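First chain A sits with chain B, and in the next complex the same chain sits with chain C.
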Partner chain A sequence: MRRFLPDVMLLAAAAIFPYSVARIFLDTPIERTMGTAFKIFFFHVPMGWLCMLMALVCGIAAGIELRRRSTTASAVALAAAEIGFVCGLGVLLTGPIWGNATWGKPWTGDARQMSTALLWLILAAYLLIRHYGPENSRRLAAALAIFGAVDVPIIYYAVKLWKTTHPTTEVVGSLPPALWASLWPGLGALVLCTLGLMGIRIRQLLIAEELDDAWVRLADRRG
Partner chain B sequence: MEALSAEPAAAAQAPDNTPDEYAPVAGRSLAEVEQVRQLESIAAQKAARDYQHIIWAYGILWALFAAYGIFLWRRSARLRADMSDLRRELGGREGR
Partner chain C sequence: MRLLRQIRLLLVAELRQEIRSFEVVLTSAFFSLVMLALFALSLGAIPASAQVAAAPGALWLSVAFVGGLTLTRVFDRERESDTLRALLVAPVDRLAIYFAKAAIALLVLLIATAVLVPGLVVVFPAAAPMAERPLFTAALVVLGCVGYVAVGTLFAAGLATGSGKNVLLSLILHPLTTPVLMFNLVATRALLEAHPGADAYLGRMAAVDVILVGLGAWLFEPVLVGGGGSQRRAAARPGRGA
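Here is the complex of A and B:
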């Protein structure tokens, strides 16, 4: 059952996505000032949350990897970084589209945008080191992942600490129940989708590690 | 008794013009007011039918996930090929 859990999650996400989109476009009223562009919110914000969550998971797993030299922690860190990178790219691309529609400017350079862009760059650097760096560069990559995790609270509190074009964190909490009812399915589908993809990627990385070991053992026996 | 004494005080603080009362527009001609209304109407219609931004945003999100899905699928194919190579090597070795 555990083996099929990621596939079950992806199937559940595929089932919820059409309902979520139908709810957002057919049942959710158009916002008065932002108009139709407000509907970007229903995936932009959950993607931002998931990007931050994945950066935290990556940082924690990288810390465990540094301390215990665990292969599983290493795989979790890399998978989380990849998903965080994808979600971060989604946030950084949909944000300016929404900003262009509502603020009249795609990029205002406010603290939340800058700290999110910084997190995305850290994740990109982490992935580059993990994929193309030499074997002993894993410690450097892990340290970078921990820096990424430190950036997460900065992103969250950026709207409270500095004057930003983004609204404060209380706005999402104060949404009317009708909007929450449209936000939940999208969030659920995205969470299931990302966890399913992450599960598949972790399994791939562990299998790849075992295959590498098997090839090395085979070469040793031959040598 | 307290409520009775509070009433006149509240009435004294109320503004002269309540929102329901007629208040003429000052400093703008009728043509200007009409022009502003037309512009506001155009902006409202544009905001209500702004499908271009939505299509781009949702298209990008799904394209990203699809691209990552393809990346995982290709990785799986490569792993399967690697595993069958290893099996072949082991089978050949055992056969020798």
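Here is the complex of A and C:
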């Protein structure tokens, strides 16, 4: 059963997602000040949360990997970074569209925009190091992920010292119940999809690791 | 005390090596002059109101680029003769290696800023407060460079123990040092604008430095001295770096 859990999650996500899209576009009232562009909120916010969560998971898994030299933690860190990278890309693409409709320009250099962009750059650097780094790249990448997880709040605070135009967390928190009700199915579908893909990717990485080990054992036996 | 003595011994060795040729100091100082010339050519004619924003950017971008060059060169010397590996097997605390390397990189970076700051005051008249408040500027530069060096030393050392690929240092260093550089930018701009809360920024920079130095020192040994299994696997694996 555990083996099929990621597939079950992906199937559940595939079932919920069309319902979520239909609800967002057909049943949710149009927001008064931002208009139709506000629909982006239902995709942008969950992807932003997931990107942050994946960066945190990557940092924690990297810490465990460095401490215990765990192959599973290494696979979790890489899978989380890959998914965080994709979610971050989604946030950085949908954010400027929403920003252009709301603030009149796609990029304002706001604290959250900058911190998300830099987090995405750190995740990209992590993936580049994991794929193209030297022989000790896993340890280097793990340190990078830990620094990245620590850096994000610092970056956020640093940019906030300048200026912020982004909606505050209170604005998101004070949404009418109808809008919240439309956010949950989409968020649920994205979380299930993320966990399912993560499960598959972790399994794939562990199998690749086992194959590498088998190759080394074979090379040793041949002398 | 033992750690301090080891740091001092390693630092003296580093300084002795540097004094023989002044290679890193001279190249970093010259590169600082090149950066100054480029900023003077590209931004020298902008109005004074824009200079307040441009001068801090020019200073900390130059520090970022000079820092990358310095850290690469400091560890290239170790790589060329494979002495970092020798140092790691020597009966020396790894923390002492980290702090000695960070100290020499910091020293070179501070010499480079000694060229950069007066140069920027000449290029951008709006940067005059940096000359008018030398103590504040010195504290700002030292705190800014400490954070940068704390991150840079860890990753430059990590790449030096690998096989080549130190071109990746820029990939790692610039996204990770952005928070330090941002704090530095904010503090420098506060100085140029004679902001009443400018002194408080120094405290925040010191706090960020403490976090980064602590993390760098904590991660130095795990990053440099990993398990033999992963290296053996990587060496035996065809066509893959990791």
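One rule holds for everything that comes next: the second predicted complex is superposed on the first by the 210 of 223 C-alpha atoms of A that agree within 3 Å, B and C clash if a C-alpha of one lies under 4 Å from a C-alpha of the other, contacts with A are read in each partner's own complex, and residues count from 1 in each chain.
Convention: contacts are C-beta pairs under 8 Å (C-beta built on N, C-alpha and C of every residue); 3 or more make two chains touch, one makes a residue touch a chain.
All values reported here derive from a predicted model rather than from experimental measurement.
The superposition on chain A brings chain B alongside chain C with room for both. By the touch criterion defined above, A:Trp215 lies against chain B and chain C together after alignment on the C-alpha atoms of chain A. In the superposition on chain A, contact is made by A:Leu140 with chain C only, not with chain B. In the superposed model, A:Ala80 lies in contact with neither chain B nor chain C. In the superposed pair of complexes, A:Arg130 makes contact with chain C only, with no contact to chain B. When the shared chain is aligned, chain B comes close enough to touch A:Lys39, but chain C does not. Within the superposed three-chain model, A:Ile122 lies in touch with chain C and out of touch with chain B [touch as defined at top].
Superposing both complexes on chain A places the Cα centres of chain B and chain C at an angle of 110° as seen from the Cα centre of chain A, in steps of 10. Touch criterion met: A:Arg67 reaches chain C, while chain B stays clear of it.
Judged by the touch definition given at the top, the superposed model places A:Leu187 against neither chain B nor chain C. Minimum C-alpha separation, chain B to chain C, in the superposed model: 13 Å. Touched by chain B in one complex and by chain C in the other are residues 215 of chain A.
Chain contact summary for the complex, chain B toward chain A: residues 44, 46-51, 53-54, 56-58, 60-61, 64-65, 67-69, 72, 75-76, 79, 82-83, 86, 89-90, 93.
Those residues of chain A whose C-beta lies close enough to touch chain C in the complex are 66-67, 69, 118, 121-122, 125, 128-140, 142-144, 146-148, 150-151, 154-155, 158-159, 161-162, 212-213, 215-216, 219. Residues 151, 154-155, 158-159, 161-165, 168, 171-172, 175-176, 178-179, 182-183, 186, 208, 211, 215, 219, 222-224, 226-227, 229-237, 241-242 of chain C are the ones touching chain A in the complex. Of all residues in chain A, only 21, 30, 33-37, 39-40, 43-44, 47, 82-83, 86, 89-90, 93-94, 97-98, 100-101, 193, 197, 200-201, 204, 207-208, 211, 214-215, 218 touch chain B in the complex they form.
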